[in-house]
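The structure's right below; bear with me while I get my questions together.
Chain naming follows the written order as A, B and C, and within any one chain the residues start at number 1.
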Amino acid sequence: MVKHEDSIKGIPLIKPTTLLPSLPAAYYLDPNILEREYAAIWRTQWQYLMRLDTLKEPGAFKVFRIGDREIFIVLNEDREYRGFYNVCRHRGSVLCEADSGQFSSNIICPYHQWSYGLDGALIKMPRIDVVNAIEDLNLLPVALTTWGGNLYVNLDSKTSLSLESMMIPGPNVLDNWPLERLAVGHRTTFTLACNWKVFWENYLECYHCPAIHPELSQIVPLYQAGLSTANLDPDHPAEDRVAAHIESWTTTGRAIAPVFSTLTAAEQVVGHTFVEIYPNQYLVAHADYVRQVSLQPRSVTSTQVTAEWLFDPDFLSDPDADLSPAIEFGARVLDQDTRVCELNQRGLAASGRFQGHLTHLEQDLADFHDIYRNWMQINT
Amino acid sequence: MVKHEDSIKGIPLIKPTTLLPSLPAAYYLDPNILEREYAAIWRTQWQYLMRLDTLKEPGAFKVFRIGDREIFIVLNEDREYRGFYNVCRHRGSVLCEADSGQFSSNIICPYHQWSYGLDGALIKMPRIDVVNAIEDLNLLPVALTTWGGNLYVNLDSKTSLSLESMMIPGPNVLDNWPLERLAVGHRTTFTLACNWKVFWENYLECYHCPAIHPELSQIVPLYQAGLSTANLDPDHPAEDRVAAHIESWTTTGRAIAPVFSTLTAAEQVVGHTFVEIYPNQYLVAHADYVRQVSLQPRSVTSTQVTAEWLFDPDFLSDPDADLSPAIEFGARVLDQDTRVCELNQRGLAASGRFQGHLTHLEQDLADFHDIYRNWMQINT
Amino acid sequence: MVKHEDSIKGIPLIKPTTLLPSLPAAYYLDPNILEREYAAIWRTQWQYLMRLDTLKEPGAFKVFRIGDREIFIVLNEDREYRGFYNVCRHRGSVLCEADSGQFSSNIICPYHQWSYGLDGALIKMPRIDVVNAIEDLNLLPVALTTWGGNLYVNLDSKTSLSLESMMIPGPNVLDNWPLERLAVGHRTTFTLACNWKVFWENYLECYHCPAIHPELSQIVPLYQAGLSTANLDPDHPAEDRVAAHIESWTTTGRAIAPVFSTLTAAEQVVGHTFVEIYPNQYLVAHADYVRQVSLQPRSVTSTQVTAEWLFDPDFLSDPDADLSPAIEFGARVLDQDTRVCELNQRGLAASGRFQGHLTHLEQDLADFHDIYRNWMQINT
């Protein structure tokens, strides 16, 4: 029995156990599976849309493509958000032609000028007395909720699901961050050539970190050991925190903005606090800024990702503020992940009925698969 | 009970009634529905191809894509049109490589040189004595008919359907126009990002006219009232005719060519006379020219449209003839319709199981849907 | 009864017989048929990959797309070829990111650095003791074999099929050519807009040659008569050989390289000797060079073709060697075939339920169809 040396200097091998099955390759390749996911997941779960300060005035609107649907969000007269499918109840024209804009007062269909109030009630059909219209022709609503300065949508307008119940590890871990107050300092949107679950799987483990993310692994010793969380290997000495001399996830390792004053000393020392909200968002909160990443499937083999860097607005209004150490660091990590996600997607199509294996080090990924299997009501 | 003012100045609201259901969204989005339409409609109904004067000499040919099929039309030795599928009976090569051209005498397959007469009979297989060929290997014919100087095809070569029976309101309404004599002064072909039925639905009502077609609505007071025909609202004073000072559908409102001398005074005053030939053509006859528009589905979400402006050939041969007021006017209306057709198509995909509603003002559209439902043998 | 003259001067018509049915058009158009072909043919049959001298050093690799699968070939420490699906057994990343390259020693997955030996055995999982891994996680192998200096793959790693048994007319007809010794003087890869069977069908008959390949038909009198082999028409005087004054298939008709000294006088006189290895390769051996052509379906309506011109390496190392008469001649024939293959594909889609006919002159094509029907277990 040959005992092989690990390539990561000085880190002992963990004891081997049973490998868990990953999902069959068809779950990453078959358009029919994506159709089932749209129904079982993307039309039942909460999804991040945008920051609450995106729209300012009553009648301002913004269009979003959620799964295979299209909706718009509008501010009503009380500056409250309302969301509707982007479709006129008459013959089905979109109501919002541009991706964002401003209704003068009512929501007026560009085709036949049916008018709806900003709360979605049909208030005028040209040439027809709307009072006697016998069917309910109000706009088709979607459910909205807010958290941490973010707006979320659920296509199931009657959902009883709470956003907070879906937060992992829980809704309170970011309580000391002034999320509502933060503003977007930078936003990037890009499309990866991979299934949306491949992107999540990559996020959920750090087994790939030593080879793929050398800069990140320098900042977080645990990642250099291939561990995403400390409890994956109790024998391993590294704690789940940035290295002693590191303040934040930046190219310099230094914080670029004032440290949030409401953080505990422990939260500052840890340097990164994560929240996942399946299926479409995770947040990484640092001492001086927060990065939040959201995604939407665009096809079974492509995924659109948006990353936002959130800062204190006072810092952003400082003309000398330099966001680039944080933006470049995060963008580099995303670029590195994009490469391996696309390699993973390509290989899943190489051999037909493939099914991969998960190790101890990918327990969070196995947990994600369990949630996914439950949503999809499958056992594979 | 609040009574809403209509945005169209001075036009009373018509009395409301039951709304009729439009077609379910899948009928505009599902490729399988288009396959069924190809079989039930596009391979059973007459369809416009081209003007009879397009080809001049025996052996001249032109290729057309009808639904999901490809045919060609050729002039035989008697200068009569014949039409065949563009496929050699041997191994299936196309016979016409270019979209138009001239056979020297016979129709010769470019692959193995099987030769067919201009009436489709196989007359030579190189190296094989065709006399004893035991199967019927003549070209696969399509049915052709003519009307008003137009050539029409029916892919069902044994159809018993008459073209005239499909004309709405009937085959005689254009009897006073010298259709056979007219020539194409301008032709444009473009593709819309919408299902072919969306294009028809838009054509079949003028409820959208006041907002979408301001120039056209100025010319036709009835359209300014959102009415496509006078009988939609008996209380409305407007007649189905151009305004008193208008002669034709042009940017100036003036006729640009001599008024057809065979028209009645009433036909001149009305200013526009319509004929629809479902599923692929309509004609609009004015006092000085005729515009005819034909269409073909290219996918479930795209439609190719060709518009032709027909004039008296004597006028066209006049070096001072200026067609632009008629062409610009019609092209502008088509551009306006293209925009809203594409908005309608996009919205039909926004919310899943959508089904729109038809008002009183869209009775022609409801009638079209009834014809469509009958063709497709559906009740939805 | 009219007796038609054949256009080919002086060649009598052969006696007509029953025509055989070709394959129904759906076999050239339906993506579901291609899926069935992948399983029944492309995953069960031997297929040409590359010349054995392509890779030189242990660890050198090259990636291939075979049907709808992706594999790579690697040289092991003994400079023997091994082939595997391009997928890591862990979570399915490709192992080879580039289409060709060099592993430093082991095959290391670019994602999580799992390492495999050059014979495919898993030898290291970072952070995990591979010795106790309870499942077989070696690479998924494919079968390889060699012939004539060529490397062939069979995706069925346990195939009992011999490559030689699939050679038509047989494995020995090229025994006198020094195939192992030859080297690639020129290679071209291109994609045709046709089903892969259309390309084979075109290759398998010369009924099209007089009209499509005038240069080739000048070199081979039999082809000028529309005959691919002499036995198709016993009454025809032409032998299956190049014309008396012709040495090789080149633009000049002269050999451009020394005639292979091991050929018999008869083999030199014939000027071309063919071997087919369905479904993906044929070879044409001339007195001074060998051309081999291989193909892969890329979709039901597109086929990737690679042609290689093989020469004696001594000739290739001669600085005055001019390959162009052979390359230009072959490339011209392939261009001519590409045109008619694409015309054939287009016509197959023109008329719906089309089924073509095969003549006496296409007996090899009928034989190919029989092999195909047997593979697919169909009778149509």
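A few points about this structure:
Assume a residue touches a chain if its C-beta (ideal position, glycine included) is under 8 Å from a C-beta of that chain, and two chains touch if they have at least 3 such contacts.
Since this is a predicted model, take the numbers as computed values, not measurements.
Rounded to the nearest 5, the angle that brings the Cα atoms of subunit A onto subunit B is 120°.
Subunit A and subunit C touch with mostly distinct residues; of the residue numbers seen at this interface, under half occur in both copies. Inter-chain spacing, taken between the CA centroids of subunit A and subunit C, is 48 Å.
Residues of subunit B found to touch two or more other chains are absent. Looking at the complex, you find that subunit B touches subunit C at residues 43, 68-71, 85-95, 97, 110-113, 123-135, 137, 140.
Those residues of subunit A that touch subunit C in the complex are listed here as 1-4, 6-8, 11, 13-16, 18-19, 22, 25, 201, 207-208, 210-212, 225-226, 233, 340, 343-344, 346-352, 354, 356-362.
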